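Both complexes shown next keep chain A, but they swap its partner, so chain B is in the first and chain C is in the second.
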Partner chain A sequence: MANNDTPCAGTAQDRPSDCPVQPASADPAANELKTTRRDFLRAGGMLSLSSLMGTAALMTQSDDANAAVEWGEHFQKNYRLMTTEEKNEARLRLERRYSDEYGKKVAVDTTEAQPGMLMGYALNIRKCIGCRRCVHACVAENNQSRGPRPGEKIEWIQVLRMERGKFEQEKMNHGYPEGLGIQVGGNAYTPAGQVLEGQYHYNPKAVPEADATYMPIACMQCEKPPCVKVCPVRTTYREGDGPVVIDYNWCIGCKMCMNACPYWARRFNLTTPVLPKEEMNPVTHYLGNRPRMRGVVEKCHWCLQRTRHNRYPACVEVCPVGARKFGNLLDPESEVSKILERKNVFRLKAELNTFPKFFYFYD
Partner chain B sequence: MRKLASLSVILALCGGAFYAVSAAEKAAEPAKEAAAAKTPLECFESRKGASELTQRDVKPDWPNVKCSPTTGAALWYGDPYDGTVPMGKMPGLDIAEGKAVVKPRTEKLALMPMCGVSCHNGVGPAFNPPKLPKDKKPAPVPTMEAMVPDLANFQHGRGRIWCMDCHHTTKRNMLVDHFGDPVSFDQPQLLCGKCHGDKLRDWRDGIHGKRIGEFVSTGKKRWFTCTECHNPHNVQDGARNKGFIQVQPEPSPQLPRGMANADHEKLHPIPH
Partner chain C sequence: MLTSFLTDYARYVLKGGKQFYTWMGVLSAFILAMLFVFYLQNTDGLIVTGMTSQISDGLYLANLVFLVGVAAGAVTIVFPAYVYHHEGMHKVAVLGEMLAITAVIMVMVFVFAHMGRPDRLWHMIPPRGIYSFSSMLGWDVMVLNGYLILNFVCGFYYLWCKYTGNPVNQKWFIPLVYVAIAWALSIHTVTAFLMANNPARPMWFHSMMPIRFIATAFAAGPALIILIFLIIRKNTKFWVDDSAIKLLTTIVQFCLGIAIFLTLSEVVIELYARTEHANGLYYLMFGLHGLTALVPWFWSSVVLMIGAFVMFFMPSFRNDFDKLRIPCAMAFAGIWIEKGMGLIVPGYIPSPIGEVTEYHPSFVEWLMVLGIWAFGFFILTILLKGAIGILLGEIKHGGPAAAVK
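Entry: the complex of A and B
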């Protein structure tokens, strides 16, 4: 830790007086501070001591898989900059730790994007009945936190319930001011159709309800993702085959991406994720559903651990009405290409020029 | 300086020990919770009564299906091809051998082995030639209605079609196509497509209905056939509900900290 090779390093006492004095900061204002050089160096010494303590704390448990991984992870590169060997090392490290932690053989996949593949998604909005099976299939697949306390339960898909709305003679005078409806121009104030001001917590005895429509939203896997633009550590990025992914190890938890996302798709691990051992899905992908840590952002990645091996995402497979469709946009025979060719399609908030690869359609 | 360093080493060792203890506690907690919540072992797939799956482990720690503890619906497929058979030939569909599978419907329909043998066996004077009402109005048979309750509430075609438009006249355990040839109950699409050609076209391309398995167009898929999702006898039952029979929804998301209920969502969202 302490480097005593050069005479100018080390503590203030044993440093020769002819050493050049380095300013503590490049900012001239910072040098105006009324701290002595001695105080500053002492603080620096304490700082290095405390980091030494942290290191020692990790090294005391070198036989614990968890600690060994944290040690290795601490010095690993951004996933995109890793060589194949480094990725392999990271994979083995994580497999060892997760297997140890969850008491079963956990596989961490690092399969790369395949050429000729551009994943796309389509959802038949006329068919969705709001049963939320996709939401819970996603949780079963993707190892989200599922504790009972607030902030411990994370779901990536949200299903919005929207009033179907209708215009009635009785409501004709409901404008402002009441009874006249002249001040703001009209009085047909009834909400109708897809307004994105829906209800997330609806819980009727049975769905679909006659007076409601349902609209599931999740990550749209934009071609121009605003979340990627704002990430200060470049840990979230678009993969070659389409999905926008996160290297959880490089996420600093600044939540900039959550602010930037216009689709409310990102979730933050406020607490240490609660993931029971027997519910943990042992088939994981490094950029996908491997267990996350506290303080990182996560979101839908189109079940990378499945789709990289040609399997449908979990939400597509459980949709009881077949509203969810997934396929290769570059393949004219895929179901998503056929939908784009044949059906009326829209993208959510298309005016933001995020170019989602998630399309809503209707018969 | 030396004093400080030794102090830090002691602190670090203590920290390490504490870390190990807290990690052990963390691991014990979720195991307890999971034991309390027990999931049902049998779950239904698309609609209740159409097809069921029994949960079992296909590999260690890998069930074929996960069932919802709230509604009993299938929530996650570990093995999408569980209990399937090859789909058979389908006009307009060129799929390599073994790449398209379906769940057999014949096993599910309890009356199937009986109906062609016990009552509609094609033996006896009534069947040679078959005596059917000339006006194609089905005469209510109490025994039949008792066995298939849907018949009392028969809606398909809104009175414009009758039993023998779909069921084979002499082979009652089969369906019938345009030429009067029998069609297996496992391939209802050959029958339904007679009238619902637009839906058949979309179904063939994967737009209508549901397929699970491998999503690439050359991959192996389990196709859901018409009757796994639609009850052909009372299809109009849910017309006001987008054509689907109502189901119980899965639980709603967790409320944020400090929010007692979600009543605010029901208020009119647009102030004026």
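Entry: the complex of A and C
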């Protein structure tokens, strides 16, 4: 059922081009105006900064056509400190570069957090069958790197395959510590919940498997995110409506956030992401699924390009058993609020006081 | 006057025999290799290294942490020299400052090496960039730069006074030296916080880290200094007093002893309860799930450190400066392994979700490390040669001819 290599059907029918909401950046007038201005700037920049450009080109390995755009991108401010106009410029710059690069009209949304919204997520681990469709849908939706080399393959969701533990009659005489005379404990138990190397890349004939349970994890979108605290340039932060996001253009790639995350939710672009043109999702958000560059960190952002326009994240939409629930924690009528009210819920590593907005529950 | 200082300094440093130029030539070759790797890392990306999503930092961060310790270790000369007025140390205090300058510069190059986007480093620097007070890395950058400036000012002001023949202005020089001494502790403490303040990494998340960092730094730093002093004694006219080397030997031994004790404490406490939080240490010592890449590193570090500690007890090693090199080199190597492969890497293994993977540094990664060390020795050679020239009076304002008059 689950397949490692081919993207599943669920994602194909849900092509982002079907997005009913017109991205904010599709305004042709604004586009035209800015282009003229930038062309002027580009001409001047090319002349006066030609020697510096050599250095910049060396550092960013950009080709000439994109050099000026990248130059402007290189010197833009931290996203949160930009004025609305600067955000607009940055957005147009990106749209132009991405459209060039991927040979299609790419929209970069900059919709802000809406008041009265606090996103929350709940996952019914009893229902999860381990099909990993969420993983593939996420990769397709969020423009993750999908190259053949290990460092080129990035997935934000891991469905951990947990072996069931068991007590066995044959092991009754096994002692602890093993092999020593004095026993202080028994060893009849085979521990459950071990994660071995690459165990979230399992590929069985059919799911669910009898000898396993599944534990999907991704970014927990903590209310007190340790990753945000350690960022030296404040490029990663918690948005007003909940998700922890990254301004990829401001990230310096120091990887401190990767040390700090207790959920292993962050991924580093070890190389330029491998994203085939035809597979690229052109509906993007600045803080979300726009294509990343080499040397920066990325993570799940609860599909801002969808959720800011009242759509479900791709993983919620694709889940065939309805294990994944998403909604507004401030709205008592939302599905997530109802779950928090009525079900027994828990959060991962609650002892670390990170206060995730990602909850697990049972039926 | 400043130009004459600079030209005299440069002229003296550039003057050298075949041995000097061979040494600098070999170092330059490694530096060129490093630049090539740096180019690769900033075009292909860090994929050319052995780093992965699980092990997001390796040799670079390890060397960074170790060299912060070496920089802090220079205080083992400056402290006895200026606080206890140890005569032998006072004579060579400026050499310690030169070593500190070198080590901090090396740390900064390693920062560049481990970053995904070194071209964006300016994002950390206000006003255009953002300085974050909540980030330990921000604090680390601040204290390291402060330490570099302090050592540069103290060291070169002292040399300047020797060069011009003017007396040192004690009024601000001595307070500044005291600040530098306290600052030396801060750089390694903050670096320890940088690692330890991550509850996600149980291997690092304990309050023993700062003192362990300081203890190992004050063993590895002076061990390197002793080796350098012995080379200076042999190859230059400058004489480093026996008393200085003996005091440094004592410092290395005591700090090495404390470091070994702290490691033992950690082993007992972690392995007695053997919770999942001990998995990193267990992987390091014995391997986990059949993966054992770090095991030889750990045990070789144990052998080197304990062996050196025992040797320091033996008068035949302690008092014979030829044989003293052996335990010093062992202590230095042992701590390099302990802080690098033995502390930074197992912090990533297992990953926060319990996945055990192995770290295999790539060839280019080793080349980068070697290149940065070569770069360090390159700077150190220049700085030490110049400083010794001034201390010997061979670089003097007005030149040797004027001095005769």
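The working rule: the second predicted complex is superposed on the first by the 282 of 363 C-alpha atoms of A that agree within 3 Å, B and C clash if a C-alpha of one lies under 4 Å from a C-alpha of the other, contacts with A are read in each partner's own complex, and residues count from 1 in each chain.
Note that in this section a contact is a pair of C-beta atoms (placed from the backbone, for glycine too) under 8 Å apart; a residue touches a chain by one contact, two chains touch by 3 or more.
Just so you know, these numbers come straight off a predicted model, no measurement behind them.
**Q** Can A:I252 be said to touch chain B (first), chain C (second), both, or neither?
**A** So A:I252 only meets chain C here.
**Q** Could you say whether A:P150 touches chain B, chain C, both of them, or neither, answering first, second, both or neither?
**A** both
**Q** Would you sort A:A260 into first (chain B), second (chain C), both or neither based on which partner it touches?
**A** In the superposition, A:A260 contacts chain C only.
**Q** What is the contact status of A:Q158 with respect to chain B (first) and chain C (second): first, second, both, or neither?
**A** Both partners.
**Q** In the superposed arrangement, does A:Q199 touch chain B (first), chain C (second), both or neither?
**A** Touch partners of A:Q199: chain B and chain C.
**Q** Output check: A:T272 vs chain B and chain C. Expected answer is one of first, second, both, neither. What do you get?
**A** In the superposition, A:T272 touches chain B and chain C alike.
**Q** Between chain B (first) and chain C (second), which does A:C231 come into contact with in this model arrangement: first, second, both, or neither?
**A** In the superposed model, A:C231 contacts chain C only, not chain B.
**Q** In the overlay, answer first, second, both or neither for which of chain B and chain C A:Q169 touches.
**A** neither
**Q** On chain A, which partner's contacts cover more residues, chain B's or chain C's?
**A** Higher number of touched chain A residues: B.
**Q** Output check: A:N344 vs chain B and chain C. Expected answer is one of first, second, both, neither. What do you get?
**A** It touches nothing on chain B or chain C.
**Q** List the residues of chain A that touch chain B in one complex and chain C in the other.
**A** In the superposed arrangement, which is not itself an observed complex, chain A uses residues 56, 58, 60-61, 150-152, 158, 195, 197-199, 272 for both chain B and chain C.
**Q** Which of the residues in chain B end up touching chain A in this complex?
**A** Per the touch definition, chain B meets chain A at residues 1, 4-5, 8-9, 11-13, 15-17, 19-20, 23, 26-27, 29-31, 33-34, 45-47, 60-62, 66, 68, 73-77, 80, 202, 205-217, 219, 224, 229, 238, 240-242, 244, 246-258, 262, 265-266, 268-270, 272.
**Q** Write out the stretch or stretches of chain A touching chain C in their complex.
**A** These residues of chain A touch chain C: 56, 58-61, 74, 77-78, 81, 149-152, 154, 158, 160, 194-199, 217, 226, 229-235, 250-256, 258-264, 267-272, 294-297, 352.
**Q** Enumerate the contact residues on chain C facing chain A in the complex.
**A** It comes out as residues 39, 42-47, 51-54, 56-57, 114-121, 123-124, 128-132, 134-138, 141, 194-195, 197-201, 289, 291, 347, 350-357.
**Q** Going by the contact rule at the top, pick out the chain A residues touching chain B in the complex.
**A** Touching chain B: residues 11, 49-50, 52-54, 56-58, 60-61, 64, 66-67, 101, 104-105, 126-127, 129-133, 135-137, 140-141, 148, 150-153, 155, 158, 175-176, 184, 189, 191, 195, 197-210, 272, 274-279, 282-283, 307, 310-312, 314, 316-322, 325-328, 331, 333-335, 338-339, 342-343, 363 of chain A.
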